[in-house]
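There are two complexes below, and they share subunit A, which is joined by subunit B in the first and by subunit C in the second.
So, the complex of A and B:
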């Protein structure tokens, strides 16, 4: 140890090995404390009939799981969740992609349009929902007012079992998704111009270039966005809660709403934890599946 | 220039479609925003009007002259009470109307004896406690008069005998609102003065009273700073969260990209961070709350800030960007004897301004707009962020829609400013951060 050269080498080795640990440690601690510890305590709670007065209460094994898996309310909520997923996918997911593709062709006032696309994104969600509640008002709302010019309506947007789900998705169609648009647009702009020029020389029309050059080149970011979109939609809560509180007749109650209601209204934390664990696995499974599919395509 | 013009077949139809679709989308997406802004300046009656009204109307100033001639002699306090009843009661009765201010002038034997003045912001802020319902009694005002004085909701100027002469008025103005006020005075057993004149004028300076009223309500809850207090809280929370994310996320992203040679370990740590994206935030609400309680952080801004230190996507973005920095450059710095931390600060950070800017903005927005967690973890108004305050405002039974719209409008401004100035950086950072594949 007293030999200078060896000592020097030792410190260098420790230097190289300890720096990453030191750099990662704060983040690792934060993730353990604010993500993994709460997650594990949730898993633990899901095996108990939780009692606030005397936590964690009585151990009941898998009873929480069997209870919600056999309840029709839960499966109704699961089906609602996936109907919402399908609606959002069909009506909203592709919108920022189309917007970005078309925006990339716009020369004049491009920055202005990009800014305008961001406006709905930066509107506070509470305010946005309030405005839409007014637009949906059957008596004096804007939508029924416009539709009556076409001889349609009046519709009971938020009280009609058949269209309430659509009414919850519709604001997202109007507002688009400013951040996603920006991501797609930046991805398109970072495609090397040589490729596009080459296609141009080969005689590909602008429409064709968009379809066969631009779109495939942003596939990676579409995949990433899809993962975020999937978990976002499957766990959607705020907008549905403020718009309908899950009504009418449970037609817009989704699983995340059930999770919150059983925990904070009925104080049944055990079963609530069990249900959110179920959602965690569903989303993890879908993400893995989705990764597999897109990997195979490559 | 010439070549592109003649060569491109289909360019015209594409450009046309691009402009048409883009304009259509921006117009549609602007409708809710425009409605919010215009509603901030409207009365509730106009907000619920059919067909919808887009242009706010100028509020009315109502000037009432009450004549006390021929009545029993009264004390100054009695006049004041009468003036307050004549202001607050009929206003409450017409609460949805677009009233900007009410002035009551008291005359006796042709001389002006007092003047009382109330603006709409004071009425909106004080109405829930002063006139909670339309059950008006003399006893009610006995109890409320001290509150009006203490909170300076109405001003009352007493002239006594020194008042000037008053010329004969023109009677009651011909409008629905004035005649409803006149009817109220005529049928009221409570108000003693006899109605002499009612004038109506436009008071455009009262257009902004929904904003002032929001501030006055906030002053009652959160102290002298008013709504500013919520903004300061939101700003502290957002800026600290972004700073923590930049520092911790940047260090961790750099480590993952350059300092871990072992592929297996690298993969493990990436999954360690990235897997947390799939944990539903909502399901962590309760365990996080209990954790904060154990740490004695409930009802503090730290409770909102700290969980933001663990956002999986941040590290992922940083890692993607840092991977594009050449290893040779870093190696050169190490050979020169720089410590890893110095290499990071003096070489990596200056090269990575776009990703730092992008991450700041991408996290600023959701943290600024965050709602459920601050609502759950802090229940004292002095620790509220503006979203919680906004929701509270919406839940108060007596608060009007225009005040909610006004506060939403104010809360958009910081984000608006950020977007105007930072748009370039966001786009650059996003383009660089590896998401292009």
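So, the complex of A and C:
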């Protein structure tokens, strides 16, 4: 005797294509193990005065959260993080967009230019930062040496509290992101040429074509890139660490650095987890806001 | 056909899972894949050999396996020597099997703390003095008082070498090595400037003037390599001591009191600022790394720098002429005194290891600091033209017997520096970032109001560290 409801469910189950599921399983398991398990552990740890020897230690509720939220060191790091965000946004984010727009108009040697833009990506990022750090050296760095030919400097770069942040961002201005450029370029090239040609025939200027046709058509890529850029900058660690280790005088200590230092230098894993969770929510909130604004515009 | 494809796909899946598992998994560092500390004794491994009548075979029946983070790197000059020493230990103690694990050369503390947090703390680990306070408080270093008191060879160690590992009468570490800090100077640069080192290094004023005289921007040389990076408090504390104070005080009840705004600290910070802005005797890049400071010194750019007595060998290895190196006690400050810092490292035991493993780890640590072993190290250094650390944790090892052509001033300088020594300031591990900030502000901003920046740093450290610490202590 067959039961119709059960049979339907069985059919649905047997109709699932199990092979792709099985192939995906290892990566999903690794993702759960190395992404979600640490994330959930971090949430749990953030409610404890974590004991590294006898984990998890004493349950203290929200005390870790109140502690960092009332700590001026934390807010200084948050401020530094957002100043970096503003600097990176203002000085670097738009550069690959402009480069892609210009590149899309170049007919001759286009492949050569695309290749040349990608070439610097073969250099490891940290190696690039080390080279810049050497160039910034106020005692014998190349940058001051070059600038003096133009009557500029000497500047103290990483030794000047007023310009240290700018000095950290500056390399990204000159060594832009080649991959982003390629993405924008591909998005521009995917716009139907008839539309652009029609606009040209109708007498739309290059400026007008850029604002009314090119940019709106690649907005999806810009939004995706912006979300990746935002989380990348708000969680930046390696280039700042290599350049200044968070100094001088804490002027470049960002939240991610504070999280690492609190955990591994002070062995305070609970509060470190709480701060990480805070940053997770900040980035999530900004991403949602960004998506909402973008959806409204659409 | 469809079945064949499915079989082939299933095989690929198995292969993928196997590869993923291999990639995701990892060796836990003890080499045998056994994570449980209490089960590392491996009598079963020796069961096959138990029929043998040989003493080593019977000893292996009770073999204890320990993990020690002391494997030399592949490019270490003394790799072969160390491996011979490991083999000699195992021959002498066949019942102790040591798994030697190599540690990273940078971020060692972070690597160790990650291992502790992950339940992979080695049975024996070597760490510097300043970490002892924190490791003892967190229960990372085992109490070895009974092992130490029952150890016949304990009288061979300098009593003072145990100071940084002793809390409330309990001992937490086996002394491994020691150094004393002082001022290293380039004799040639002093001579070229017509300066007498003894007179120049007498006090703060004479040193500032001498360092200024040796600074010549056109030659790219300067008088004093100051440490202003994120370890700036390490050497700055000496200046506070020289001014008659300290950065913190440990109260009789175990609580901490901050003294960032004491007269001594303000005077010390003013002197730091003067070295940079009044005497203009330091490098411009005051936040450069300690390695860069050393490089400036051995390449003849910097005329002087603070250093440990165990650094001289490294400088000679980098090509500096031993006869050109002077070592002196630090210039005296306003208090008329010039205390230096004593530092070094200890072997600490994992408190979670079984008693058998702890005993084995203790045996290994004491072997590696025995008179015979340290003498063999000194002889090896001598045979290979390597300059040794001039201080030893042992009373029965005469380091100077193993150095040829050692300038008498260096020996007398180290002895003078060792006359008045301090341990680093109390609660350093947690307070360091708070005091580094005003030091860097003083070195980078000529207009910085020192009292104000120190007060701000003290208020912040009081609120964020000391109040909480004192509460915990009083519980």
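Everything that follows uses one rule, which is that the second predicted complex is superposed on the first by the 267 of 298 C-alpha atoms of A that agree within 3 Å, B and C clash if a C-alpha of one lies under 4 Å from a C-alpha of the other, contacts with A are read in each partner's own complex, and residues count from 1 in each chain.
Just so it is clear, a contact is a pair of C-beta atoms (placed from the backbone, for glycine too) under 8 Å apart; a residue touches a chain by one contact, two chains touch by 3 or more.
Since the structure is predicted, the reported quantities are computational estimates derived from the model, not experimental observations.
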Subunit B and subunit C placed together on subunit A: clash or fit? clash
Inquiry  = Quick one: is A:239 in contact with subunit B, with subunit C, with both, or with neither? Answer first, second, both or neither.
reply    = neither
| query | In the superposed arrangement, which partner chain does A:273 touch: subunit B (first), subunit C (second), both, or neither? | reply | first
Once the structures are superposed on A, label A:290 by its partner contacts, choosing first (subunit B), second (subunit C), both or neither. neither
Task = In the overlay, answer first, second, both or neither for which of subunit B and subunit C A:140 touches.
result = both
Who does A:117 touch here: subunit B (first), subunit C (second), both, or neither? first
>> Touch test for A:51: subunit B only (first), subunit C only (second), both, or neither?
In response: second
**Study point:** subunit B versus subunit C as contact partner of A:19, first or second or both or neither
**Key:** both
Please indicate which partner A:30 is in contact with in the superposed arrangement: first for subunit B, second for subunit C, both, or neither. both
Comparing subunit B and subunit C in the superposed model, the one touching more of subunit A is B
Figure out whether A:99 sits in contact with subunit B (first) or subunit C (second), or with both, or with neither.
first
Among 168-176, 204-212, 276-284 or 312-320, subunit B is struck only by the subunit C stretch 312-320
Dual-contact residues of subunit A, meaning touching subunit B and subunit C, are 19, 23, 26-27, 30, 33-34, 137, 139-140, 260, 263-264, 269
Per the touch rule, the subunit A residues reaching subunit C in their complex are 19, 22-23, 25-27, 29-30, 33-34, 51-55, 67, 71-73, 137-140, 156, 158-161, 244-250, 260-261, 263-267, 269
Note: in the complex, subunit C contacts subunit A through residues 6, 9, 13, 16-17, 20-21, 24, 109-110, 113-114, 116-117, 134, 138-140, 220, 228-230, 283-288, 351-352, 429-430, 433, 436-438, 440-441, 443-445, 460, 463-464, 468
Residue set of subunit A touching subunit B in the complex reads 15, 19-20, 23-24, 26-28, 30-31, 33-39, 41-42, 45, 95, 98-99, 102-103, 105-106, 111, 113-128, 130-132, 134-135, 137, 139-140, 142, 145, 171, 174-176, 179, 182-183, 185-187, 189-191, 200, 205-208, 210, 218-221, 224, 227-228, 231, 235, 237-238, 256, 259-260, 263-264, 269, 272-273, 276-277, 279-280, 283-284, 287
The residues of subunit B that touch subunit A in their complex are 7-11, 13-15, 17-19, 21-22, 25-26, 28-33, 35-36, 39, 47-52, 248-249, 251-252, 254-256, 259-260, 269, 272-273, 275-288, 290-291, 306-307, 309-310, 313, 315, 339-341, 344, 362, 365, 369, 371-372, 387, 390-391, 394, 401, 404-405, 408-409, 411-412, 415-416, 419-420, 423, 426-428, 430-431, 435-437
